[in-house]
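The structure is given below, and queries will be raised subsequently.
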Amino acid sequence: MEVTPLLSADITLPLANFALAAEFTLRDNSITALFGHSGSGKTSLLKVLAGFDKTPGNNVRFKGQPWQDQQHFVPCHRRHIGYVFQQPQLLPHLTVLDNLRYAYRRRFHDDGPSIEELCRWLALDDLLSQYPGSLSGGQQQRVAIARTLASNPALILMDEPVSALDADSREEILNYLEQLHRRLSIAIVYVSHNIEEIHRLADDVIILQQGKIVQQGPVLELANLLDSPLHGRQHTLLEAEVCHYDSQWQLTTVNIGDNQTLQLSSHPTTIGHRLRLRIPASNVSITLAGGDNSSSIINYLDARIISIDEDDRGSALVRLDVQGQPLLAKLTRKSVHQLQLTPQQQVVAQIKGVAMLSDQARNISDASTL
Amino acid sequence: MEVTPLLSADITLPLANFALAAEFTLRDNSITALFGHSGSGKTSLLKVLAGFDKTPGNNVRFKGQPWQDQQHFVPCHRRHIGYVFQQPQLLPHLTVLDNLRYAYRRRFHDDGPSIEELCRWLALDDLLSQYPGSLSGGQQQRVAIARTLASNPALILMDEPVSALDADSREEILNYLEQLHRRLSIAIVYVSHNIEEIHRLADDVIILQQGKIVQQGPVLELANLLDSPLHGRQHTLLEAEVCHYDSQWQLTTVNIGDNQTLQLSSHPTTIGHRLRLRIPASNVSITLAGGDNSSSIINYLDARIISIDEDDRGSALVRLDVQGQPLLAKLTRKSVHQLQLTPQQQVVAQIKGVAMLSDQARNISDASTL
Amino acid sequence: MLSTDDYLAIYLTLQLAATTTVVLLLICIPCGWWLANSRWRIKPLLEAIIALPLVLPPTVIGFYLLVMMAPQGVIGQLWGGLFDSTLPFSFTGLLIGSVIYSLPFVMQPLQNNFERIPKDLLNAAATMGASPLDRFVTVVLPLSKTSIITAASLGFAHTIGEFGVVLMIGGNIPGETQLISIALFDRVENLQYQQAHILAAGLMIFSVVTLVLLYSLNSNKRGGSIWK
Amino acid sequence: MLSTDDYLAIYLTLQLAATTTVVLLLICIPCGWWLANSRWRIKPLLEAIIALPLVLPPTVIGFYLLVMMAPQGVIGQLWGGLFDSTLPFSFTGLLIGSVIYSLPFVMQPLQNNFERIPKDLLNAAATMGASPLDRFVTVVLPLSKTSIITAASLGFAHTIGEFGVVLMIGGNIPGETQLISIALFDRVENLQYQQAHILAAGLMIFSVVTLVLLYSLNSNKRGGSIWK
Amino acid sequence: QSLRVAVAANFKPALELLQPEFERQTGIKLRLSAASSGVLFAQISHGAPFDVFLSADVDRAEALETLGLVVAGSRQTYAFGTIALISKQADRTQDELITDISNSAVGRLAIANPQTAPYGVAAQQLLSCWQQQAVFARAVRGNNIAQVMHYAATDTVDIAVIAQSLWPGFNRVVQQPWYLYPVPSDCYQPLEQQLVILQSSRNTAAAKRLVAFLLSAESQQVIAGQGYLQAQSQTR
């Protein structure tokens, strides 16, 4: 049985050097990352969804209702969406507080966060009486995000919302977005150049190239495509279920397949919750012997080599299969030869346990500040 | 003997919620990273250096000449600086090409890159006849960078120049900046929230907090301060000399202290060159036994434990000393206890060789596209 | 020094100038916005027609307005059908004349201003649920404050100073359609230079004071400018 | 239909309007820029004084200009000392009168426009080595194109239509200071309605055509607007 | 050779009628600048380069003489202006006209402004003569007599007091019929119009020839045909 998607779109829009031609759907209550090179059409796509562009020939349906097609055009202010612009676009004649109130007074649903909550969470309290002209770039971006959340929309379109923010602010905002999207039934389309952000937040990914969609699907399937092999950065993205929490050592054990478990140090987790884990390929090494008690490495997984790709800079990417779960390992070519690794060989993958924490696990219950 | 710094500044400037109060110097031919939370005064500081702000009470000297003090004020256009704004600020009435020409015609020195070179390198060729209004955010930022380079200034101030760019473009631009700063005698002040960027590019760091400088100095010394312990991300930043290149396996061996070497896969390197290496603490594990031929890990260093800091999430940060070179390792608390690690203990640090490549080594000669 | 007729004329002038300014703003703010956003092919023609009152001498405009407002004229017949009064020599007639005459001075700066309101700012307001009218009132108008003040002061001042048009359609009836500009003109014509000087000085001082107040208010207020 | 005097008047009018517009732009572009950037306390006063020609009836302005330009007047004495000619009833005199009269219509839109040029755009040009003058020419002026066109068209049209001032200082001398507006006025005054209609229609058609061309040019050209 | 003549607006049509004959006789070109007498006075007193000034009244000519701006002895009367009533209704007797005037609503009677136009003074005199001072307050005032004609020509008024000299021109242009009612000359003071030759004239001789021409019997005849009384007809 087909589920009606939250939103379905079929967009054709001529741009300066090429035409945008994208057909896609968004799932309800999901975060969809929009990924692509600079100038690939991400912003243009969002603007069509928002209803800024009335060029005919685009079809967008939301919850089964037409937003735009040959006959209809629902104007932007009746789409009940939120939009965080690439440049903040605050109302320059209103103070920060009045900018927030502007959105809050016109909010689409009543169950959203209050202005006080937003200010506390986005650390805006000191800025309330300032005009946007006297805010720093990052401060403006925070206000823009708060403003969008204040109107409590059903679909939020975010165009690189945290690109001007420092790591801490970014972390808090991402945390909040995760919470929000789990608490409220809200869908988010999120443009980002940051693969880590996408790995962390996204449920689905749409990859744009020169205005065309080259890949779309769940982030867990497409994660590798997002990594740029050029820079030697590859990751395995996986979701796993918590099966044990060791409160003495604050170690969470997750199940990633039949009898294969990983341990990671973390805040307390709840058994049964699913966590998203990200394992940099460079954190995975391969050994032919078994576990080793004299090393601080605590994760050893039985794996089968699927393929080995060598590059021209002395590295090799080894694709492993751990009970059906793919895993990437990055080795030196020398090691590959010394260990005489070949496809189909059974090996042990060593993963540095703590490395997994470089991602905040998705469901850690006290990670939020709300 | 004191060397006169390239630039020395003593700045006092009232802002909305606090006053900027910063005294610092820039070394000649160096990249200084300006780091700090959103709203900490980074942009405001750059604007004073650029000469946009005539508020009295600021002293800036450049190459021994006063740029501004009680008596003098050298206006912006005679400071021969480049400025990449946080928002691109392209001239909206000129095409991309004319924007570049605008800078090029007024360039300060003749030995800089030509417009053709800049276009090739920043991939602007397709955009030349467009007006800024029809460029994407990232395209605008690239044009803004190209424009600044076209005027070939003696000091470049860059305010988050690559924050709107995707990984590939970012990589190319950073590469170019490295080249540039080595080829020409040019100093760069670089505002960034991205620690990796700073690790990679910066010689010196200035850390701002609420308008005050809380730390300043060489990046190798301050690197740890930049890492945010909150997110479990710590790195060791170190510089090492190439002592061998194995062309069969494309492995570079670098010397990081008496008889202590590291191997990393890479493009060919030149013996004697210094490379900057970045080792995520999570890539370092500790073992009590020696090297292990059955593992793909190829780097083993003898180390002494300096200190062990446990956090509340099951991790421990172990500070190691490798012949005077500090090294951070991130372990689970459980491992620390199982291995019974204590300060002063001699251990072996295992580093996944390939992990080091996640940083482009500084002097890899063919890394540039220019 | 000044006669009662003069005081009446001053009063009437202020009343006319104020009413004209209000009417002009009521017309030009929406129409200027519409013009600024219209992509109609005819737009340049409309703009040219709005600018027309500029190129004809006021008295001539007055003459043609008189022709049109006369009971058999286009406007006159229309008006006569609706109301039991005639337009020429009435305050309403003066008002219509002043409005037409000053229209371009108010319309052009406003339209020019409206054309510069950043589209994405309005889009931002729209995403927050602001309807077109809401956006116009809460975004466009506040951002246009300076221009509206400029336009209104041009319109107001121009109505005070204008006299060709009102002389013609007003008929210079003391206490009804005699304005200060006409009274001043009469003095000059009549070699009563002394009184003319007094009237002119009074008018100038009043205007300077009003304008200085207006402009300093305008330049002091922060936050109203879009591009700082 | 039209007499040689009329053709002379048309020629003279166009010459005067064009010269006035050029002079006004030469004055108002730098002064408007200066006013837009000045933080002088006196600024509102200056602005008010510039707006003054608006509030006085043209004939009255003409009268005072006449008084000042007369050989015994302030300006007249100065002029007489420099040149061996008198100002009133000369083309130069007309020019000065027109310029003063139309000043606010050109100055205000320009100043208003200049106040909106984003500071950081100028800063950006400065970092590329552009001196203040260079920035003004290469950034401010191109970004002000629409406003300059608006201002120039207001000034040009207003000079064509103006007649109170020029009647007073010009003296309506055929072939020397008789302008089309005065010729038209004369026709109306002399009840030569037929000729008046022709002249008025000609003037209007000319203006509409010119303005339509101007406005469509202006709206077609892309890339000139800052905030799209 | 040419002369610059500043002529009061009301006399311009008459002068234009005489102009070809004068130019033919003397070969001197006339360049006429018409405006209201007040404007012309202001201009002349501030150095306007005219040779001859034909005022619509005595006062302004006299004032210029007092200022010493005229050639001594050149001030002379060249015509007397007369007024007339015009009405939209035909065949009215004087009494009927007076009733029409007294019944006229606000804005239905047009006269020239006595403050600026000599014809306005005459009109005021006429109203007093007919005991209609009250009507004066609600009359429409043209700032000069030409404006009064416009009001009539556009049918915005029903009755108007005009300069008789403008009637022929007026009658030519109006579509709806209007009717002329000459006014008995004992009810108002005919308007004595004087001319002066200006001191600043560089061509006094030619100016004198123009004056002589205007005062010649033939010219006076033509002037009389334009609704004026001849200069010699009244003596004071």
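Going in written order, the chains are labelled A, B, C, D and E, and every chain counts its residues from 1.
Just so we're on the same page, a residue touches a chain if its C-beta (ideal position, glycine included) is under 8 Å from a C-beta of that chain, and two chains touch if they have at least 3 such contacts.
If you want to know which protein each chain is, UniProt gives these names: A, B = Vitamin B12 import ATP-binding protein BtuD; C, D = Molybdenum transport system permease.
Note that the structure is a prediction, hence the values are computed from the model and not measured.
**Q** Once the contact rule is applied, which chains count as partners of both chain A and chain D?
**A** The common neighbours are B, C.
**Q** Measuring between mean CA coordinates, which chain is farthest from chain B?
**A** So the chain farthest away from chain B turns out to be E.
**Q** If you count the contact pairs for each chain pair, which pair has the most?
**A** Pair with the most C-beta pairs in contact: A-B.
**Q** Any idea if chain C and chain D meet via the same residues, over half in common, or different ones?
**A** Chain C and chain D contact each other through largely matching residue numbers.
**Q** Between chain A and chain C, what is the gap in Å from one C-alpha centre to the other?
**A** 57
**Q** How many angstrom lie between the centres of chain B and chain C, each centre taken as the mean Cα position?
**A** One centre to the other, that is 60 Å.
**Q** Could you state the distance in Å from the CA-based centre of chain C to that of chain D?
**A** From the centre of chain C to the centre of chain D is 19 Å.
**Q** Residues touching two or more other chains, restricted to chain E: which are they?
**A** Only 39, 42, 147, 150 qualify.
**Q** Quick check: what residues of chain A touch more than one other chain, meaning two or more?
**A** Residues 87 of chain A touch two or more partner chains.
**Q** Multi-chain contacts in chain C: which residues touch at least two other chains?
**A** Each of 63, 118-119, 182, 185, 188, 225-226, 228 in chain C touches at least two other chains.
**Q** Pull out all the chain pairs that touch, please.
**A** The set of touching chain pairs is A-B, A-C, B-D, C-D, C-E, D-E.
**Q** How about chain D: which of its residues touch chain B in the complex?
**A** 118-121, 123-132, 134-135, 138-139, 142-143, 145, 222-226, 228
**Q** Which residues, counting only chain E, touch chain D once they are in their complex?
**A** On the chain E side, the touching residues are 4, 6, 9, 12-13, 31-35, 39, 42-43, 46-50, 144, 146-147, 149-150, 153, 166, 169-170, 172-173.
**Q** Which residues of chain C touch chain E in the complex?
**A** Residue list for chain C touching chain E: 63, 66-67, 69-73, 86, 88-90, 167-168, 171-174, 176, 182, 185-186, 188-191.
**Q** Could you pull out which chain B residues touch chain A in their complex?
**A** Within the complex, chain B contacts chain A at residues 16-17, 36-44, 86-87, 126-127, 130, 134-139, 141-142, 159-160, 163-171, 193, 195, 228, 230-233, 246, 249-252, 263-267, 280, 282-283, 285-289, 292-298, 312-315, 329-339, 350, 352-355, 357-358, 360.
**Q** In the complex formed with chain C, which residues of chain A make contact?
**A** 47, 50-52, 75-77, 79-83, 85, 87, 89-95, 102-103, 106-108, 131, 133, 147-148, 151, 153
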